[in-house]
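Listed after this line are the structures, all set down as structure tokens.
In the two assemblies presented below, subunit A is common to both, partnered first by subunit B and then by subunit C.
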Partner chain A sequence: MALSDSLPKVLTKFPEMGRADLRDFKKGIDETFRSFTRTYGEGIEDFFYPLKIFMVWFEKLLVGTPWPLMIIVLAILVYIGSRSWGLVVGTIASLLLIGYLGMWTDTMKTLALVSVSTFVCIAIGIPLGILMSKSNRVQAVIVPILDIMQTIPAFVYLIPVLMLLGIGKVPGLIAVCIYAIPPVVRLTNLGIRLVDKDVLEAADAFGASPRQKMFSVQLPLALPNLFAGVNQTIMMALAMVVVASLIGAQGLGSNVLKAVNNQYLTLGFMNGLAIVAIAIVFDRVSQKFGQRLQKHSEVVHG
Partner chain B sequence: MKKLMTGLTVAGAIFAATSLMTTTASAACGEIKMAEFNWASGELLANVDKIILEKGYGCTVELVVGGTTAIFASMNEKGVPHIAGEQWVNALRETLDPALKEGRLHAINKGPITGLGEGWWIPEFTAKAHPELKTALDILDHPELFPDSEDPSKGAFVGCPAGWGCQHVNNSLFRAFEMEKKGWVLVDPGSAAGLDGSIAKANERKQNWFGYYWSPTSIIGKYNMQPVPFGVEFAGADHWNSCIVKEDCPDPKKTSWIKSEVYTIVTDEFKKSGGEINDYLAKRVYPGPIMGEMLVYMADNQAAGPDAAIEFLTKHEAVWTKWVSPEVAAKVKGSL
Partner chain C sequence: MDDHGIEVKNLYKIFGPHGERYLDAVKNGMSKDELNAKHGHVLGLKDISINMPSAKIQVIMGLSGSGKSTMIRHINRLIEPTAGEVLYQGEDVCKMSKADLQEFRRHKTAMVFQKFALLPHRTVIDNTLFGIELQGVSRGESEERAKHWLKRVGLDGFEDYYPNQLSGGMQQRVGLARALTNDADILLMDEAFSALDPLIRMDMQTILLELQEELHKTIVFITHDLDEALRLGDRIAILRDGIMVQQDDPQQILLNPADDYVSDFIKDINRVRVLEIGSIMNKSKSVKGPKIERNVVIEDALQILMNSKTTSAIVTQNDKAIGSITLDKLIASIARKQGSANEQAYK
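Here is the complex of A and B:
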């Protein structure tokens, strides 16, 4: 005899809400959200309007710049960031290959989306991390939210984003940032909290104001962690490119979708590997840049 | 389009076919195997047929779930299932036509649902507010009514998600109608969710929307989207198949969308022995708006085929009682 036969029914059959109630419950929330989008959708869209204009402009800039100039500019940026000739050569070679394989425009679109997303994530993430590090209460509130943002399946929040903002670049950016922002917040917070108490005491002894303490002592000493966070955010933003293209953000991601829908093996890998190439460049440059910043700070504070 | 939604592979088809082979056909109301296509209208159609055949004609009906290709392959090769209610045939022409000609299969009803197909749509309120927009040609002269969110100086035409077959068609038509020159951009919604979401958003906010969709679907029914006549003749199947559906066709011509053909198909064996059931299948035509309404009901209530079938039979007696004799209708009604 199975265990379930000998138990009272209430233990074997879960006391469910009931189909009709559950349906009304779901419909009720859906309807509330719909009326919310009807009332506030326009306003929310207006709020993001400057960002949209900027993204459209930035994408046009990257796509419109002649390719040799673009490669030179990117090579210079890579050199300034990394001071590594090997990386510069690698960047130029991969960009040439990407262009040769006919993915130049899409790569520029993806680059535009990822750069702006990363910038927005950092601009929101670092201040949020600083705020968290200052107050345990704020930390207790934000950490679970970050956990949700990192683990909830992207398809779930695509639905409200779509209803509020429609399809296009800004919803794509929001989808990317929801997923990519947690590391930079977490690691900024962690970096600042890990700063040696003795150092802070010394800063206090010298009569540093809280502002001075934050910007001249805590943040510089938190840089290794902070840069690990920025680096992770960039990587995660790139990983989200395909999901963002599900709601109409153009670029390499839409080609990957096209490949998936049609079993185009080569097309899928070509575009996937182009994303990887951009990711490696971003990763190495941001790591090298972070290392160099730390060296400077060691000279100043060490 | 339906091709996409019918994900069953050939392997699945063969599996379905072999598992069905064990019971051979014995129609004239013994056991009938009927296809249940794996999308909402297919489910409804199959379940309504099942109730009417079982309660009205005393058959035993077993439903076989599958997609367009799998079901068709199984019917064509093995002769089971015996009936496919909503078979989309555009993509199957090469294999279907010989089968019809040889008499292995019969298209007993060449339009079980009216007003179905792919094409271009606008919301109902747009159509009402701008009665002058009678055809696609009229709409194309007014890109300013459908501003693109990212470049409001252009009109947005929402095409097919990347990688769908209809993407090439919309690309070709975009060029054929010289839409770029007229101030339009072709928007890629990215996915089915993106396409649905953009329609839902436009309707909730009462923003004009112009783009591709297909019917019968719940979203078309829910928002009562209006099909837009193209205003030009169909340029012929040859041009369609050799150019419009291809990527980078050099000289696409203006054309209306190819007519989507949906048949109710039965096997030869069934047709010979099915008797009056054949008459029922031939008469059974769902008016498009009613089908749309049922699909909205299914989506809103997350109702499966059997529930939706009962809902249809109780709510729309006037529709289905015309398909059967009064005696059969009485029997079905008695069973509900």
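Here is the complex of A and C:
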């Protein structure tokens, strides 16, 4: 005899909400959100319009620039960021290969998406991180939100984004940002909070105002952590391009999606590896740049 | 000359979320242990009053946990007092508004820290001008002033190094230069030389004394090292468990320790090299012998008496006779005071 047979029914069968009630409950929320979308959808779209303009402009810029010029510009940027000739050569080689295999335009679109979303994440994330570091209360509110943003399956929040803004570049961008912004916020906050108390006391003792303390002591000393956050944000944005293509983000991601739907093995791997190549370049450049910012801590007196 | 003395009056500090609630209990004699056990608050300072003289070095001494670092942080209010006053030129630092306090910290005080507290991302020169940069001094002028003080502390040519590249002693020179560049009347030194090895520490003490000879700042110097206190201090205050045990000039502390705690502190001091004859002389001037300045220590006085083959000497101040000293008295002063804790231990 199973244990459940001897127990009262209320313990063996979960006291669920009635099926009809549950349906009405879900429907109610859906309806409310839909009417919200109908009322404010346009306003929200207008709000994001500047972002759309910027996104379209930047994408056109990258796609429209002649490829040799683009490779030269990227190579220069990589050198400025990393000061490493090896990385410059690697970048040029992978770009040439990507172009030769017919993925140039898609790669530029993905590059545009990742760059703009990283820019948006930094622009929102760093001030938010600073705010969090200054107040325990703000931190207590924001941390759970970041937890949700990082753990909720990306497909789930695609739904409301889709309902509000439809299919297109901006919804894709927003989906990427929701996924990619937590590390830069967290690590900005952490970096500032980890700044040596002795140094902060010295700044106080010399009469630093809160603003002076933030900009000449806390932020500079938080930079290594902050940069680790930016690096993570870039990586996560790249990881998100395939999912974002579900709601209309174009580029390498949408090709991968096409390959999945049609079982195109080679197409899938080619575009996937192109994403990997960009990821490696971004990662190495931002890491090297972050290390250079810590030049002062390298040489230690024996 | 302006008076740059600092007067600390009836200062109390009780650490914990509701320090002020237990102020009366502490005033009525509740002990540190009782306060901690019953209310979970820690007594930092109890009824501290010190008159720190202008343009002199006031040493505050005590073992760790005695409240000396808490004490010095009240002068620029890095720690808020539970009760009491810190008066500078008639103004109570503890009552200043945020803006006034910021101005006070920028222009009137400068601090040197035990762990140097330099900004690791800034070069030596940028660290040195940190204080006046906060004041808003232009880059050109601040660089010039910083360079001047770096030169004075012997760091000429190290302007573009990072703190990590320097030894502890050199880092603290940067700390000192940073404080001096601020050109403040009050210099707060929180165990500034404690982290340095003995030879470097002596060096730094010498630098400080040389600078003080021309700068005449009001220096508050925290230390747990009595040798350092005796070498630097014009006045010494001794703290124990947040309570003021004794404050006096160094010679008096050596000659008349207030209690066993102070006796314990001074027992290893080489009195022959520290006690000055001025503090042990007789008032009578009717003796024969060589003239010796009042600030000569016993060891040197003995040498002078031996050389001149006499048993007494006239004590002078600026060549004016103010008293006398005998060989017997000199030898007697080397022994510790009767009845001191340590003497009993030997019996």
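By definition in this document, the second predicted complex is superposed on the first by the 295 of 302 C-alpha atoms of A that agree within 3 Å, B and C clash if a C-alpha of one lies under 4 Å from a C-alpha of the other, contacts with A are read in each partner's own complex, and residues count from 1 in each chain.
Please note the rule applied: contacts are C-beta pairs under 8 Å (C-beta built on N, C-alpha and C of every residue); 3 or more make two chains touch, one makes a residue touch a chain.
Given the structure is predicted, the values throughout are model-derived calculations rather than measurements.
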I want to verify the contact counts: of subunit B and subunit C, which reaches more residues of subunit A? B
Determine, under the contact definition given at the top, whether A:Ala2 touches first (subunit B), second (subunit C), both, or neither. neither
Touching partner for A:Leu69 - first (subunit B), second (subunit C), both, neither: neither
Should A:Ala205 be classified as contacting the first partner (subunit B), the second (subunit C), both, or neither? second
Thinking of the overlay built on chain A, is A:Asn262 touched by subunit B (first), by subunit C (second), by both, or by neither? first
With the two complexes superposed on chain A, say which partner A:Val10 touches: subunit B (first), subunit C (second), both, or neither. neither
Subunit C-touching residues of subunit A, taken from the complex the two chains share: 196, 198-199, 201-202, 204-209, 212, 216-217, 220-221, 223, 295-301
Once bound in the complex, which stretches of subunit A touch subunit B? 23, 27, 34, 37-38, 41-42, 45, 52, 56, 155, 158-159, 162-164, 166-169, 245-250, 254-255, 257-262
Across the complex, what residues on subunit C touch subunit A? 76, 78, 102-107, 109-111, 113, 115, 117-122, 130-131, 133-135, 162-167, 178, 182, 188
Footprint of subunit A on subunit B - complex, ascending: 4, 149-151, 158, 161-164, 167, 187-191, 193-194, 197-198, 200-202, 204-205, 300-302
